[in-house]
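Going in written order, the chains are labelled A, B, C and D, and every chain counts its residues from 1.
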Amino acid sequence: MISAGWILPALVAAPAILAGLSLLARSPRAALRVGAAATAALALAAGCAVAQVFLHGPLQCAGGWFYLDALSAYHLAILMLVFVLCSCFAIVYFREEIAAGHFTRKLARRYQSLWFGSLAAMNLVLVSNNLGVMWVGVEATTLLSAFLICIHASPQALEAMWKYLLMCSVGVALAFAGILLLAATASTSLSGHDALLWTRLMNPAVTLNPMLVKVAFIFLVVGFGTKAGLAPMHSWLPDAHSQSPSPVSAMFSGILLTTAMYGILRYIPLVERATGNTGWGREVLVALGLLSVLVGAAFVIGQQDVKRLLAYSSVENMGIITLGIGLGGVGVYAALLHTLNNSLCKSVSFCCAGRIGQIYGSLDMRRIKGMLKVSPLWGGGLLAGLMALIGVAPFALFISEFLTVRAAWNQAAYWPMGLLLFGLGLVFIGVLRKAIPMAWEPPESAPKPLRTYRAEALLVWTPLALLLLLGLWIPRPLGAMIAQAAAVLGVTP
Amino acid sequence: MSIWNFSYAVLGLLLAPLLPGITNRTKAVFAGRHGQPLLQTYYDLAKLLRKGAVYSRTTSWVFRLAPPGGLACLVVALFLVPAGDFAAPLAFPGDLILLAYLLGLMRFMTVCAALDTGSSFEGMGASREVQFSALTEPALILGLAALAYATGSFSLSGIFGGVTRPDWLQVGPALVLVAAALLIVFLAENSRIPVDDPNTHLELTMIHEVMILDYSGPDLAFILYGASLKLWLLGALLVNIFLPLTGRSGPLQIACLVAGMFVVAVVTGVIESVMARLSLLKVPQLLVGAAALSVLGFVLMLRYAL
Amino acid sequence: MTPILTALAIWLATGVLCLAFAKRPRLVQVIGPAGAVLGSLPALFAASRALLCGSVWTLHLPWPLPGANFVIGMDAISAFFTLPIVLICALAAIYGREYLRPYEGRKALGTSWCMFNLLAASMLLVVLARNGVLFLLAWEAMSLSSFFLVMFEGEKTEVRRAGWTYLVATHIGTAFLLVMFVLLGQPTGSLDFDGFGRIAGTPALASLAFVLAVVGFGTKAGFMPLHVWLPEAHPAAPSHVSAVMSGVMIKTGIYGLLRTLLWLGPPPLWWGYLLVAIGVVSGVLGVLFALAQHDLKRLLAYHSVENIGIIVLGLGIGLIGLGSHHPLVAALGFAGGLLHVVNHAIFKSLLFMGAGSVLHATGSRELDQLGGLLKSMPSTGATFLAGAAAISGLPPLNGFVSEFLIYFAAFGLLGASGIPVVLAALAAIVSLALIGGLAAACFTKAFGTIFLGEARSSQAEHAHEAGPCMRAPPILLAALCLTIGVTAPFVIGVLKPVVNQLAGTTDLGDWTGAAALPLAVVACVGVGLLALFCILAAVRAMLPARRMTNEAVTWDCGYIAPTPRMQYTASSFADPLTRFFGAVLGTHRKFSGPRGFFPDSASYSTETPDMSRERLYKPVFIAVERAMSKFRWIQHGRLNLYILYIVLTLLALLTWKLGKS
Amino acid sequence: MNAWTDIMLVVLILTTFWLLGSSRLASCIRICAIQGVATGLLGVVGGGITIRVAAISLAVIVLKGLAFPWLLSRALRESNTSHEVQPFVGYVASLLVGVVILGLSFWADSCLPSLSHVASRLVVPVAFALLIAGLFLIVARKTAVNQVLGYLVMENGIYTFGFGVVREIPALVELGVLMDVFVAVFVMGIAIYRINRTFDHIDSDQLTLLKG
C-alpha cells in the first residue's frame, strides 16, 4: 500500500491556501462558485482518505503528528458533506444579496477566506494526533468563524459574535487547562512530544494518575462542551445561530458543534482506561446530555424565531449525542449515527429556514404562514427537516433516538430514559405547534416567491432523501464505519 | 318439544288484546264506572283494520316500515318466553339478550318512524322514549342477570324453569327485589302509569302515544296489537317468577300462567288507579332505582351463594 | 408471501407515481384509486388463504439497520386483521375517487393519494411485521401518512388543530411502544418477535410491558382517556380517509395489544380487570359524548371510542376467562371482541361514507342544518340506516352478533367463583346494556335528524344523490352487515384459528360448537324476523284499506302550518339524556331567552368539549408550559452571567465527581 | 533558581490583586502588561535556558507585555465611553474574593496528587488562582476591555501552569497556543472596536438584544 499519509497535511494546507487565494476573487459570484467547486474537490480528496482508513486502517504521517483513524475519518466525512452542502447553498443564499449590492466583493472575499479558514481549522482538529494541536484547531475555528457571524454588521450580529467569541474562548481555554493537566500526568512516563500524542497516550503501558485525569476530563468536558453547545454552557449558541447568514448557521450547527464534540470523544477512551473502566466519565456525559435535552426542549416551546428554534434543537441533539456516548454500549453507535443524522438534517433545515426567511423577510414564525404553498421547495424542505428533527419515523433520527432509548434501558438507566423521552416529547410538541401553522395556515398577504432554479431542488431533497434512506436502510459500509468508529471509543459490537 | 311449549306463545297471540281490556275494567271499577267491554281492544283492531289510512306528505318508507316491523319483532320475541317447565320454542342459551335487543329493534323503528313525521310532538316523544329505554334496558338485563346468576343458566327458559319453590324459600328477598325491578321495567316499557299515561293523547307529558300520533287505520291496528303483545311478553316474565310451577302437569301450568297474566293485568289496573303519573324529571330516577333494585338483588344472591 | 409483496409493491409504486404525476390531477385520480384497489386484491387473497386454509408463513430478509430484520409473517391474527384493512382500503379508494373530484386542480391530490396508498401499505406492514424496528417504522409511517391525509384541508384552523393533536397523541403513544419493545427485546438482545416470548418468565416485567402496550396501543386505538385525537382528527380528514382511519387504522392498536398478549404468557386476572375497566369507561363515555355532539363526523368519531370500548370489553372478559380457567368464556370473549373489530370496520366506514356523501351533497356536517335527505338521497339514506342499526347492535345485523358473543361470555363468567370476577362480568353486562340503549338513542338522533322529516336549510333541500362510485361501496358494506349477521355460525369458524392462537397454550376445547347453537338460532331468528316482516308487510299491503290512502300534512296536534323549523332538533332530541349525564359531559349551554313584550330573537346552543382534553390534557400541557417557561429567564442576554454558568458548571462537576473520593 | 520562580509567582499574584482593585481601565491594561512580562520571565528564570525556552519567553513578553496592551489601549482610546472599570462587584469585595480564590487554590492544590517535577510548590496554586481570578474578572466587570483582560489573566494562569508543570511541551504546540491567544485578543480588539462603533459603548452588560 502506498502511503496516503501526505493527504492529511494537505487537507489542512489546501483550505488554508484557498483561504488566501479567496482574497483575490474577482467577483462575489465567482468567489462563491469557485469556493463551492474547491470544497467539492477537497471533499473528494478527503473521501479518498476516509476510504483508505476504513479499508486499510488508520493513516499516519509526519512522525505521528497527523493521524486519521475510524473515529476522525467518520467525522471528516460528515464535515466534508456538510461543507459541500453549505458551500453550494451559499451560492443560492447570497444571490439576492449580490443582486441588491449588499454582498460586495470585499465582503465576499472576506467571507470565502474565513470560510476556507474555518474548514482548514476543523480539518486540523480532525487530523491531528497531538492533543495540543487539536486544541489549537478548535480555538482557531472559534476565531475564524466569529467574523462569519457578522458578515453583515447589525447590532444583533455583533452582539452574537461577541458572546460567541468570549464564551468559546473562555471555554476552550479551560479545555486547554485540562489538556495541560493530562500532559502533566502523562509526562511521568512519556517525554517530549509523546506526552500529547493521542496514540502514545493510548498505549496500555502508560499509567495515568486517575485523580488528575478526572480533573482534566472535567475541564475538557466543560471547555469543549461550551463550544459543542451543551447546556448550561450553550448560551452563545442560539444567538450565534440566529444572527449568522444561513449557510454559516448551517455550517455551525451541522459541523462546528460536532467538531467540538469530537474533541470530547477523543478523551473518552483515555479517561475510561485511567479510571479502570468504571464508567466514571460517562456519568458526567449522561448528566450534561440530559440537561441539554431538557434545556433545549424548554426553549423550543414558545420560541418565535425559526432559527433560534433550530438552534435550541441543536442543543437538544447535542444532548442526545452526549447522552448516547455517556450510556455506552449501543448508545455509542446511536450517538455516532445521530451525529451524522443531526448534521445532515440541521444543515438542510437551516438552509431552508434561511431561504424562507428571505422570502418572508422575517424569521418570526408568527409571520411565516403557508410556506408550503408559497414555496413548495424551501417550505416543504423546512417542514420535512423539522419533522425529521423531532424524530418522526422513518427519518433516520428516529432510529438513532430509538437506539439511545434502547441503550438507556440496557444500562438500566431508567431515569435518564424517562427524562430523555420527556424531553423528546416536549420538543416534538413545541416544534410541531410551530411547524403546522407555518406550513398550512393561509398567509394574510402572499409574499412574492423568489426565483428558484431546478438544480436547487437537489440541494434540499438530496440530504432529506439521504436521511430517509438512512432511516430505512443503513448501507453496510456505513454501518461498518460507525462500528469501527465506536470501536475506537472502546465499544465492541 | 311438545305442544305445551308452543301453547303459551300461541295463547299470547290470541289473548294479548284481552289484557288492556282487563286493566281498563279494573280501573273503571276503581273509578266506580262501568267501563269499556273487556274485548274492546279486539273491536278496535277489527275496526282499524277495515279503515283507510292517512299519511303525512313528510313521511317516507321508514314511517311505513315501523308497524309491521315492530310487530314482527314482538311476535318473534313471544316465542322466546318460556312457560313454567316448558322451554320456549326458540329457547337457547343467551336468548334473554336476543329478547332485549328485539325490543330494542322495535323501539328503533318506532322512534325513527316518529322522527319521520317531522313533527315536534313526535320528536319529543321519541326523545323521551330513547331516554327511558336506555335506562330500562340495563335494569332489565341486570334483573335477568341476577336470575341467571341464581339459577346458573342464561337462557330465559332455564332461568324461569329454574326458579323453584325452594328458591323462594332460600333467596326469597332477593327474588322479590328482582321481581320489583322487573315490574318497574314492565310498567315503563309498556308506557303505563307511573311512567306514562296511556290514556292521554294531547298532553306534553306523554311518551308512547305521542310517537304514534300520525298513524291511522291498519298501521295503528298493528301498533295497538303490538302494544298488547308487549304487555303479554313482559308480563309473562313476571308471572314466571311468581309462579314456580315446576313439576305440575302441562295444562295446569299453562292455565295457571294465563290466569297469572290476567292477575298482572289487574295489578296494573290497580297501580294505575292508586298512583299518579310521576313528573317526567322523576322518571329516570325511578328507572335507575329499578336498576339499583336489580343490583341489590344480585348482591343479595351473591351473599347467599357464599 | 408473493401476493403480499406484490400488494406492498403495488401500493408503494402507485404512491410514488401519484407523487410524480402530482401536476396532473386527472391522471392521479386514476392511478391512486386503481393502485389501492389492485394492491388490495392479492393481499385479500393471501389473507383469506391464510385464514381459511391455514397457510402460515414467515419471510426473513436481512436488513442492515441496527436491531432490525425484515421479517414479515402471516398467521391467523395477522390474516384476520389484514382482511378489513384491504377491504376497507379498496372500498374507500373507490369512494374517494369521486369524493375528491371537486378538489381536482385545487388541492394536492397527488400527495393525498400517495399518502393514502402509503397508509394502506403501512397498515399491512404493521399487522405483518415480525420485528420490533420494522413494526415501529411501519407504525410511524402509518401515523405520518394519515397525518398528511388529515391535513388535506390544512388551511382550516380546526384541521390544523386536529392534525397537531393527532400527531402529538400518536407520537406520545409511540414513545411508550418504543420502551415496550426495548423491554421485550432485552432478554434476547434481538428485536425479532420470535424471542419476545422470553419475557413471560418474569411476570413483573410482563405486567410492565402489558401496561406500556395498553397505553401505547390504546392511544392509537382510542381508549378513553387517551382518545383525544380521535374526535378531532376524524372529522377533519376527508371522509374516505375518516372511513379508513376510524374503520381500520385504529384497529391496529387492538392488533398490537393482542400481539403483545401473545408474548406475555398466562395473563394474571388484573389485566382482564384493567381491560374491562377501560372497556366500560370508553364504551359508556364514548357513546355519551357522541350523544352530545351535533357535528356528524365528530359524533361518529366518538362512536369509534365506544366501539373500541366494546372490543376491549370482549378482550378483557376473554383475559379474565383465561385467568380464571374458563376456556369457553375466554374463547367467546376473544371471539366477540375480534368479530366486533371486523364489524365495526364495516359499519363505521359505511357510516363515514354516508356522512361524506351528506357533506358532499349539502356542504354541512351540522346535524341541525340537515333533514329530509332520505327523499333526495335514497341509497345513501338506506345504507346509513343499515349502518345505524348495525352499530346500535340490533339483530339481525352483524353488530348484534359480536355484542351477543361478549354478553354470552360475560354471562358465562357469572357462574365463576370469586366475587371480583363476577363483578367484572356484571359491569360488562350492565355497560353493554347501557351502551346499547344509548347507541340506539344516538343513531336514531343522527339518522332521524339528517334523513327524516323536512329539510332544515336550503342546502339540505337542494341535496342530490351521490354518484355511483360513492353509492356502491356503502351498499356493499350494508350487504356485508346483513350477511355477517345471518351467517354468524359460519363466521365463527373463520375466527377459530385466531382465537385459538390468542389462547396460547390453553386448550379451549370445542368452543365453536358451544357457540354455534345460539348463533344458529340467532341467525334463524334473524331470517325468521325478515320473513315475518315480509309476510306482515304483505298482509298490510293486501288489506283492502290500502285503496283508501290519503295524503295530508303531519297532524301535529292541530297546527295548521308546521314549518321545518318547528321540528325537533338533534340537540333537543338528545337533551334529556345529556342533562341526565350532565355531570360527566360538562356541556356548555348558551341561552338567550326571549325578552320584552315583542321578542324578536332567542337562541340556545350547546357545545360539549372533550372532557379529557379540557380537564386532563389542557391543564397538564399548560402546567408543563408554565414550568418550562420558568426556565426561560436563564437566557437573559447577559454575557457575564453566561460565563458564570460555565464557571458554576465547572465547579459543580468538580465537587460532584471529585467530592466523593 | 526556585527563589526567582517564586518571586515571579508572587508578582503574578500581586498584579492580579492590583487588577482586582483598580478602577481605571488604562491602568488595568498596564497592570496586565506587567503581569504578561512576569509570565514571560517565569520561563527564563525557571530552569536551564534553551533556545526554545528563550524564544517562547521572548514571544510571550513581546506579545503580552507590548502588543496586547497596545491593541487594547488603542481600542480604548477610540472608544468615547467612560474609562472607568464598571464593576458588578465592588473593588473591596473583589479583593476579598481574590483572597478567597487564593485560599481555595491552595486548598485545591493540597487535594490533588502532587506532581513530581514541579518547578516550585507555588506554581499550581498560583496558576489556579490566576485562572479563577481571570474568570472572576470576566464575570464581575462590565466593559468588554476588562473582559479581555480577564481572559488574559486566565491565559496567564494556564501558561504558568504549563511552564511550571509540563516543561517538555513541544515548542510547536506552545507557539500554536500563543498564536491562538494572540489572534483571540486581536479579534477581540477588533470586535470591541466594532461594538464601540455600532453601539457607542463597550459595555458588554448592555449587549442584551438577544435573549430567550
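Methods note: a contact is a pair of C-beta atoms (placed from the backbone, for glycine too) under 8 Å apart; a residue touches a chain by one contact, two chains touch by 3 or more.
Because the structure is a prediction, the values reported are computed rather than measured.
S.K.: What are the chains that chain A and chain B both touch?
M.R.: Chains touching both chain A and chain B: C.
S.K.: So which chain ends up closest to the centre of the protein, judged by Cα positions averaged per chain?
M.R.: If one averages C-alpha positions chain by chain, the most central is C.
S.K.: For chain C and chain D, let me know how many angstrom lie between their CA-based centres, rounded off.
M.R.: 69
S.K.: How big is the gap, in whole Å, between where the Cα atoms of chain A centre and where those of chain D centre?
M.R.: 31
S.K.: Starting from the mean Cα coordinates of chain B and chain C, work out the distance between those two points in Å.
M.R.: 36
S.K.: Report the inter-centroid distance (CA atoms only) between chain B and chain D in whole Å.
M.R.: Computed from C-alpha means, the inter-chain centre distance equals 99 Å.
S.K.: Going through chain B residue by residue, note those that touch at least 2 other chains and give them in order.
M.R.: Answer for chain B, listing residues that touch two or more other chains: there are none.
S.K.: Check each residue of chain C and list the ones that touch at least two other chains.
M.R.: Touching at least two other chains: 632, 635, 639, 643, 646, 658.
S.K.: Tell me, which residues of chain A touch at least two other chains?
M.R.: Within chain A, the residues that touch at least two other chains are 162-163, 166, 170, 211, 215, 238, 299.
S.K.: Which pairs of chains touch each other?
M.R.: A-C, A-D, B-C, C-D
S.K.: For chain C, which residues are in contact with chain D within the complex?
M.R.: 632, 635-641, 643-644, 646-647, 658
S.K.: What residues of chain A sit close enough to touch chain C in their complex?
M.R.: Touch residues, chain A against chain C: 162-163, 166-167, 170-171, 174, 211, 214-215, 218-219, 221-222, 225-226, 232-233, 235-236, 238, 280, 283-284, 295, 297-299, 301-302, 330, 333-334, 337, 370, 372, 387, 392-394, 398-399, 402-403, 405-406, 409-410, 417, 421, 424-426, 428-429, 432-433, 436-437, 439-442, 471-476, 479.
S.K.: Name, in rising order, each residue of chain D that touches chain A in their complex.
M.R.: Where chain D meets chain A, its residues are 112-113, 115-117, 131, 135, 138, 144, 147, 151, 154-155, 157-158, 161-162, 165-166, 168-170, 172-173, 176-177, 179-180, 183-184, 187-188, 191, 194-195, 198-199, 204, 207-210, 212.
S.K.: Provide the residue numbers of chain D that touch chain C in the complex, in ascending order.
M.R.: Checking each residue of chain D against chain C gives 88, 111, 132, 135, 138-142, 147, 204-205, 207-212.
S.K.: Under the touch definition given earlier, write down the residues of chain A that touch chain D in their complex.
M.R.: Those in contact with chain D are residues 130, 132-133, 135-136, 139-140, 142-143, 146-147, 150, 153, 155-156, 158-163, 165-166, 169-170, 173, 176-177, 180, 183-185, 187-188, 191-193, 195-196, 209, 211-212, 215, 238-239, 242-243, 299, 303, 308.
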